[in-house]
Structure formats: C-alpha cells, structure tokens
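Per-chain residue numbering starts at 1, and chain names A, B, C and D are given in the order in which the chains are listed.
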Amino acid sequence: MNTPWTPDEMMTVAAARLLWDRCVCFVGIGLPSAAANLARLLHAPRIVLIYESGTVGTRPEVLPLSIGDGELADTATAVVSIPEVFAYWLQGGRIDVGFLGAAQIDRFGNLNSTVIGDYARPRTRLPGSGGAPEIAAHARQTFIVMKQTPRAFVPQLDFCTSAGFLAGGGLRARSSAKGEGPQVVVTDLGLLRPNPATEELEVVALYQGVSADEAVRATGWPLRVAATVDAIPPPSDQELHTLRDLHARTAAAHGRPVHVPY
Amino acid sequence: MNTPWTPDEMMTVAAARLLWDRCVCFVGIGLPSAAANLARLLHAPRIVLIYESGTVGTRPEVLPLSIGDGELADTATAVVSIPEVFAYWLQGGRIDVGFLGAAQIDRFGNLNSTVIGDYARPRTRLPGSGGAPEIAAHARQTFIVMKQTPRAFVPQLDFCTSAGFLAGGGLRARSSAKGEGPQVVVTDLGLLRPNPATEELEVVALYQGVSADEAVRATGWPLRVAATVDAIPPPSDQELHTLRDLHARTAAAHGRPVHVPY
Amino acid sequence: MALMTLADAVATFVRDGQTIAMEGFTHLIPFAAAHEIIRQGRTDLHLVRMTPDLIYDQMIGAGCARALTFSWGGNPGVGSLHRLRDAVERGWPRPLEIVEHSHAGMAAAYVAGASGLPFGLLRGYIDTDLGRVNPQVKAVTCPYTGESLATVPALRPDVTIIHAQQADGAGNVLLRGIAGVQKEAAMAARALIVTVEEVVGRLDAPLNAVVLPGWLISAIACVPGGAYPSYAQGYYARDNAFYLVWDDVSREREPFGRWMKAHVLGTPDHAAFLRSVGVISTRDASGVSA
Amino acid sequence: MALMTLADAVATFVRDGQTIAMEGFTHLIPFAAAHEIIRQGRTDLHLVRMTPDLIYDQMIGAGCARALTFSWGGNPGVGSLHRLRDAVERGWPRPLEIVEHSHAGMAAAYVAGASGLPFGLLRGYIDTDLGRVNPQVKAVTCPYTGESLATVPALRPDVTIIHAQQADGAGNVLLRGIAGVQKEAAMAARALIVTVEEVVGRLDAPLNAVVLPGWLISAIACVPGGAYPSYAQGYYARDNAFYLVWDDVSREREPFGRWMKAHVLGTPDHAAFLRSVGVISTRDASGVSA
C-alpha cells in the first residue's frame, strides 16, 4: 500500500521511467532535473546528465537550484564552456534526450516560452528561449514536461519559441531540424504522444484515477485519445522514498547559511 | 673588444633588437624563437611570447626544438587549444609582431614556403604554410628572417604562400588583410624595409664590414638601396654571452637521454 | 593591466551610452561591479548578457539601461524578473529596447566577436518566431551543401566585466569552475574589467586552467564576495535564499526603490553592501566550500 | 567505450580506404597506433593531420596512404619529411593526392566537424595561391558587412586516433598539456580510438581539465610510451635525437625499408618497438619529468 503522493511526484516518477541507462540527457532545472537524477539513482546508474552550464556527466548529490550550481561542476566528468556545450555537444548531435517545458504548447508539440500576447506589446513577458530552440532542433528526442490546463494546452500559440512537428504530417522531417522532435509530453494527468501518421498529440496513458475525459477537458483543443490508453502504475515505495530523500537532502543543503570571506 | 660571432648570431641579435618590452609576439621555431627569447632576457623582460601550439605568455628556460615542447607548456601563462590560438588570439587581432621565414621572397615581401617549381609537379616540395598565411594577414606587423641569396630573393615567386605588399603601391591596404604587412626583413647582411611610397623592399642597414654592393649581388632582383644606410652595431658582449648561454643551456637540456616508463 | 579600486575602474572605463557585457553563467556574476555602476549613476547603457538574472533586474529597475541583448530572462529556480518585466511590459522606469537571442545564438555571437569575425554561424532559430522578431538573425547558404544556416552579428561590447577567483601580481586572472561565456565576452570587448576574490603571489592554476593574461585586462579590482549573491567556486556558495527574497523585494516598484536606496545607493562599497544585507563574514576562506 | 588491445582496436575500427585523423600537435602523437596500422597492412587510407610529422612520413613510406590532408609537412626543427616528399615529387611508393590547408583553415574545418556544421569560417587564405590550388577553399559573403570570408568544408574523419595520459575505469580520458586540436578531431569523428599511458582508478583531473567522457570513445588501449618519439607531458620527454636520426633513416628508400622492417613490421607490439630502437625503460614514471 503506497503512501499518498503529490501530482509533482507522480510527474517526476513518470518522467524518470522514460529514461534508460547510458542515455545522454540534456537537462534543465526543476522537474526534469529531479526526474533525470531519480532515474540515475534507480534504474539508470550510467545515464549521462549534461546541463547547459557546461557540466558534462554530472552526478549531483543534491538537486541544483540553478542551472550552474557548484555541485554540478564538482561532480562532473568535464566542465566545458557555454559555446562548446552548444556547438560540440548539442549541435554536434551528442544528445539523446532533451527536456523542455513551456507556458504554451499546441497540438503538434510546438512550444511558447517567450510571451503571452503580442511580442511588441506583451500581456505577460516570459523568461524567453534560453537553449530551447536548439534543444528542440538537435536532440534526437525531446521530452516535454507541463501541467495540463486549457490555458497552457492551446489551439494557437501566441509565439513559437521552439518547433515541434510544426503543422504535422511530416513537415518537420522535411525541415532542417535533425532531431526527431517531441516524443512524449508528461503532464499531471498522464502521457501524450504524437500520432505516428498525423503527428498530432494524443493521450496514450493516464495516472491511476484519471479519466480520458479529464484530460480532454484540461486541453484547449479537441484532444484525441489513442485507441488503447495504458494505466500508469503509481509511484512505487522505492521511487517515492528515493525521490523524497533526494528532495530532503536538497532542502537541507540549500538551507545552510552562506558564509562569504569579506 | 668582441669575440668573433657567426652570421646566425648577428642575425639573431639584430632581430632581438627590433622587439620591445610588452610586445605580443607570435613566434616560430628556430632563429625567431632564439631572437624573441634573447630580447626577453635582455631589454624586453615583459615581452609576451605566443607559440602556435597554444602556449601563451611562455618563458622557456631553454629554446624549444619543436613548436610544442613541454617546456613551453610548463612555463606558459595559459595553454589553449589550436583552434583558439588561431581564432581568438591571432585572427582576433591580439598579435603585435609575427615572425615569418620562407624559401623565397619577392621585392614586395610576398613569401613562398610551399613549393619550388610547379605545384602539381614540384621540383622541391617544401613543408608548406603552417600558420604563415594568417600570421601575414592578421599580425599588426610581420618581421621576416631569411638568409640573403639570389635563389631565395627572387624576382618572381614560384608560389605565394603568404601575402606581403602584393604588387606594392598600397594594394595591401585595399585588401581584406588587417595587418600592416612586413615591416622589416632581417638577413645575414643587414636589414631591408619597405619603401614608404612604393612598398618595395630596400636596404636600410648593414652589418659591420658588409657593403651595399654585397647586398645587391645577393639579391635576385635589382635591389634598391635607401638614401641613408645605417651601420648596425656588432653584438655586444652581453648580447653574445646571453645568446650563447641560452644555446648552451638548450644543448645540455636536449642532450639528455629520454627515459620512457614502458 | 592596472590594479585599482572598483570605483576607479568603473569611473575610468564605463561611460553613459556604452554597450556593456557583464557575464557569468549563474557562477561568478559580477554583482559588485553592477552596484558600482548604479552608484555612479551610469545611464543609457546597452546591457548584454545571456541570463540577465538579478544583476540586470537591478540595473534595469535603477534606470541604467536603454537596451538589453539577452537569451533567457528569468530568476533561476524562482520565476520572473519583475523589474525586467515592468520595463518591457510597462516601460518603467523607461522603455527598454530588447534584442532577443537563443543561448546558442548568443554564444556564437560572442565567439565571433572574440575571433575577429563579423558574424557567427549556427544551426539555430529553426522554424521559430525568434528569428522573425529579431532582425539581426539572418542566413547564409553553405557553399558546399547548399543548405541555409542561421547567422548572428558578432558581439563586440565596449566594456566587458567579469568576476574571477584570483589575480596574481602581473594581473593574470584565474577562473575556476563553470566558465560560461566569460573568455569569449572578455576577448570580444574593447575594454575588460575583472573583479577578483583575492590577489595572490602565484595563481593556483594547473596546466590547462582557464587563465586570462594580464595584458588583455584594462583594470583589475580586488572585491571579496564580489559575486554575491551568486557564488565563487572554492570561496562561497550561492545564496539561494537571496534569490527567493528578491522575488518579493522586486515585485513592486516602491519596495524595490527602498531596497536599492538602503543597500546599494546607500552603501559606499561592496563590503558595506554585504554588511547591510546581513551576509555572514568569515575571514577563513579555507573553511568555506562553494 | 571498450578497453582492448591496440591490435584489436585497429582491427575492429580501421578499414582500408577510410579517412583517418591521428592528431597531437608535436605532443601526444599516437605513434604506437600508426605502427599497428602499418603492421596490419591497412592501405588506401586518406590521412588527415595538421602536421604529418614522422608518424605520417612512416605511414606514407609504408604505402598506407592514397591521400593526405595537412597544413605543415616538415620534420620539426630538422627539415624535410623525405618519404612525404618522395611520394609527392616522385609518386613512390604510390602517388599521393594532397589537400593542403593553412593551420587556421584546418583548425576551422575540425571545429566545424565537431560542431555539426557543414563548413568552417575564417579570415584566411587572403591573397595567396593556397586558395587557388585547393578547390575546397571557397567563400561566403557576410550578410551584415558584405565582406567576403573564406570557408573550408567540415572535416569528419571515419576514425580519429589520439594518445592521452590517463583513462579511468569508466573510460574517461584525461589529456594534460598542449591539447592541440585533439578534442575537435575526436568529436568530429565517427569512431574514436584513444591510446593512454596508464589506466588509473581516478583521473588526476582538476576542475576545467581536458577530459573526454568514456561514452564518446569507441576503444581505449593502454600503451605505455605510445607517443614516443614525441612526448607525454608528465611521463616522458620528446626524443629530439630520434627526430634528427630520422632525417638519415628516411632520406633513401632502402634504408627506410630496412628500418621499418626491423623496428615496426618486425616487432609484435609497441613495447617490442621501443626495445628494438633502444629506448631506455624506467618503471618509475614519477622519477621522470617531461
């Protein structure tokens, strides 16, 4: 009998399960970082984590709060420059999986992390692209992690920050992007994957106690549901304990007061 | 009263005298390397020596026999990659003086270090360009060091490996090369400099006991002689002793047998 | 290079209207230098930085900037940069022209600047709106394959300012840990100011360490804690609590103004700033791990 | 990566007709691997290397190569590479197609290969005949300034082979000292073979050291002295005497052939080669300074 878990915990566990041993993973901060490190602590001990700060093959004891925490450098196989990590490692085609998140996603997995409203007169100015446009283009696969709401899963993006399957139907394959694009979207309800023919995202798996109807209602376009929808097993005790230990270690480490030699 | 000296020693001393303190110098192997280090040991203690092996600000105790001797790395301020030394340091415009040598030079300081005869069917295949074409283009000034003979100082190059003043008369200034081109040629007879108007090389200084006529006879084109020709003072005792100590240290260091842990 | 106070370095090299790059990718962010620029009232600056972070949120809110070139403008691990948003969304304290890139594009632009090339080349901005809203992003055709590649104009800041761990007597600077884009920003600039944690007799620099020779550097200022609230590997850790608190401090204009007046404008130098925000001092650097 | 004998690594990854880059800029030149390729009789290779040095003089003289891409082909500090000259001037032992670059151009071509770009960009080959005799050198027009810049096609070797100081149990490789263009050549290649001086439990690698992760590497072979007669920083010095002697050994075809038969073809592995040329062995590496 499992202890209860939060939606974030379920999402993190679901994302971690998608990663395999020796997978080379370009990781961002937050849930993807937690998922990738959880995978490393469980079934993927030799997973290779690369953060865009230039830390290659890092094995942090605690989760970084910033993309460039000292912990990432201390535990890395190599620390390289920012130009190198984007040129030799990402654009050079060394990345198997790149994680992406965004404020808006459309049915073809195109993402907006730049602006809500008009770019010149924004209603809400978002942080912007960072590494996303090139991660979306060059990683062999991208995994998207987002909470599913009608405001985030929209029929039309306000701005396209990084390209998924464009308008679908094989358009991306004819573009100059080398990567295969978004292969899965991990939400707080379940998993979406592109339909092999149309490349439109559809529900392929749901968490325990979540109905396909909930997923459809949480989506701003008429979300398609795959012929067969898998039931995603809840977090195991081991998954949950490992994740909570990781978060506890992280909170303890980052709670320490900072001493500066001045 | 000086001890007698060799032509190589006179050339090395003459080249060393042309360098100034804090000058950033892109150095090749052989006589230029000896001259630059002699200058560092005499009047230019803060001269910056950069070898194309990526050793920046190196201060070798003994002269390197190869462009990438360990001594250069051990005594460098920084060791950078080959792509970096050519992109950030040379092309980036950080070099004051670049030394060049060649098998052939013409009256406008264009150089051939590639081939004697036809490129496709060479009479003598020379080592080739190495860094020369871009040193000639990007260093603020280039200093050329060559023994003066009619076979080397030719009316027409067999091959242009690196550009001097092209056909003279300001052509180079209108080219895309940023550097100012060859400012002096140090030979075993004296110094040649480009005429300010025509950019054609002319004799401006001669070593003790060398006549302008000798210099003309040693040149394959009708060499012009400047209105006033300076007499170059012979090596001082200090110059000669410092240079000979440097060569003695070098011979001793490189004479040691190599032990390999196999 | 010349060893001088940070106040003198800023007064000597930073002018109103210039293009200024202050780099440091979450590590070694030159906060002390930014505060000194704010104190000296520099304005009309074109600020360049991949991740504006709190350092540019403060400068933008203080009215130093007319333009911003950047690639990711958030509070890392926290959320929005409220002063940046206020400037972009509502033009306060003044309108801010933005030139927006991706990280890869901006890195390529710095590399081009450091390399004396007029532009950088990348497989970037593919099928995105970024290339549409940033007219600087153009394309060239590969002379071998015929494919189209993105280009970005070289970044050549008037002044680049970075923070590092150590300088030696000759002004050679050692940078340890995450090096970000600092070497490129440093070598692309017309003038270079470096603040360091300490000046030492001999750099603690193994072969292949990241070292900038003193002759590249216009001015060096010794400013212990100069990267706080970011961190300096081997000297002190990132103050994550400060980044969280900043979300509240910066959310509204008045509290932000009071905070800047009390802690930046109201302090003479960085040591006073650190004391004013209650940073615990330790004179024993060796006891601190970053 | 897989730890295997050098013989197995060459047999597994090096095929007749391939494009092979063996880099190391006077430092860490992978001589042991070249000798093994000669022993296994590989032929029709397109050899790529900035400075062919003795390593390619031997391979060319042994008949391994149909083509050579290079930028400086001399015996450093000594003079000519006689076997290279014999192949270019007289087609012995077989004609050699040459693709000639400047150092800067070749470095840019490797960087492009490592970066997944189709070409490299430089201010190069300006007003020289090199651009004329090498049809690979082309130009693009800057979309911002209108100026013309030189381009070189990306180098993408089928196999890159380098030598380094240390590998650890996971196959991560540490390279100390002059790093040349090895990282770029390694990351541009489809397969990567690394020979190392020793395999250690933990790399002696400070922050910012040059380390290649094991997952980039196809095969690692432990070959002590594998860079001799070049050197390995911290392990042994360059044998300058060997470079001088090579000038005599290689000047004429017959003495060269006898030398290769006696010392390379006639020896089973690199240790035997080192013994056959009379290299003094010391098991106490710590006592040796390079």
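In the analysis below, a residue touches a chain if its C-beta (ideal position, glycine included) is under 8 Å from a C-beta of that chain, and two chains touch if they have at least 3 such contacts.
Quantities reported herein were computed from a predicted structural model and do not represent experimental measurements.
Counting hops only between chains that touch, chain A reaches chain B in a minimum of 2. Look at where the CA atoms of chain B average out and do the same for chain D: the two points lie 27 Å apart. Separating the CA-averaged centres of chain A and chain D is a span of 41 Å.
Residues of chain D found to touch two or more other chains are 111, 116-117, 122-123, 147, 177, 179, 183-184, 207-210, 233. Looking at chain A, one finds that residues 73, 79, 87, 91, 138, 178 touch two or more other chains. Contacting chain pairs (ordered by label): A-C, A-D, B-C, B-D, C-D. Residues of chain D touching chain B in their complex: 25-27, 50-51, 70-74, 76-77, 80-81, 84-85, 88-89, 100-104, 107-108, 110-111, 122-130, 133, 147-148, 177-181, 183-184, 197, 224-225, 228-229, 231, 233, 235-241, 243, 270-271, 274, 279-285, 287-288, 290.
Chain contact summary for the complex, chain A toward chain C: residues 29-30, 52-55, 65-70, 72-73, 79, 81-83, 86-87, 90-91, 114, 119, 122-134, 137-138, 159-163, 166, 172, 175-178, 254, 256-262. Taken together, the chain D residues at the contact with chain C in this complex read 116-119, 121-123, 138-145, 147, 149, 151, 153, 176-177, 179, 206-210, 233.
Touching chain A in their complex are the following residues of chain D: 111, 114-117, 172, 183-184, 187, 207-213, 215-216. Taken in their complex, chain A has these residues touching chain D: 22, 24, 48, 56-57, 73-74, 77-79, 87-88, 91-94, 138, 178.
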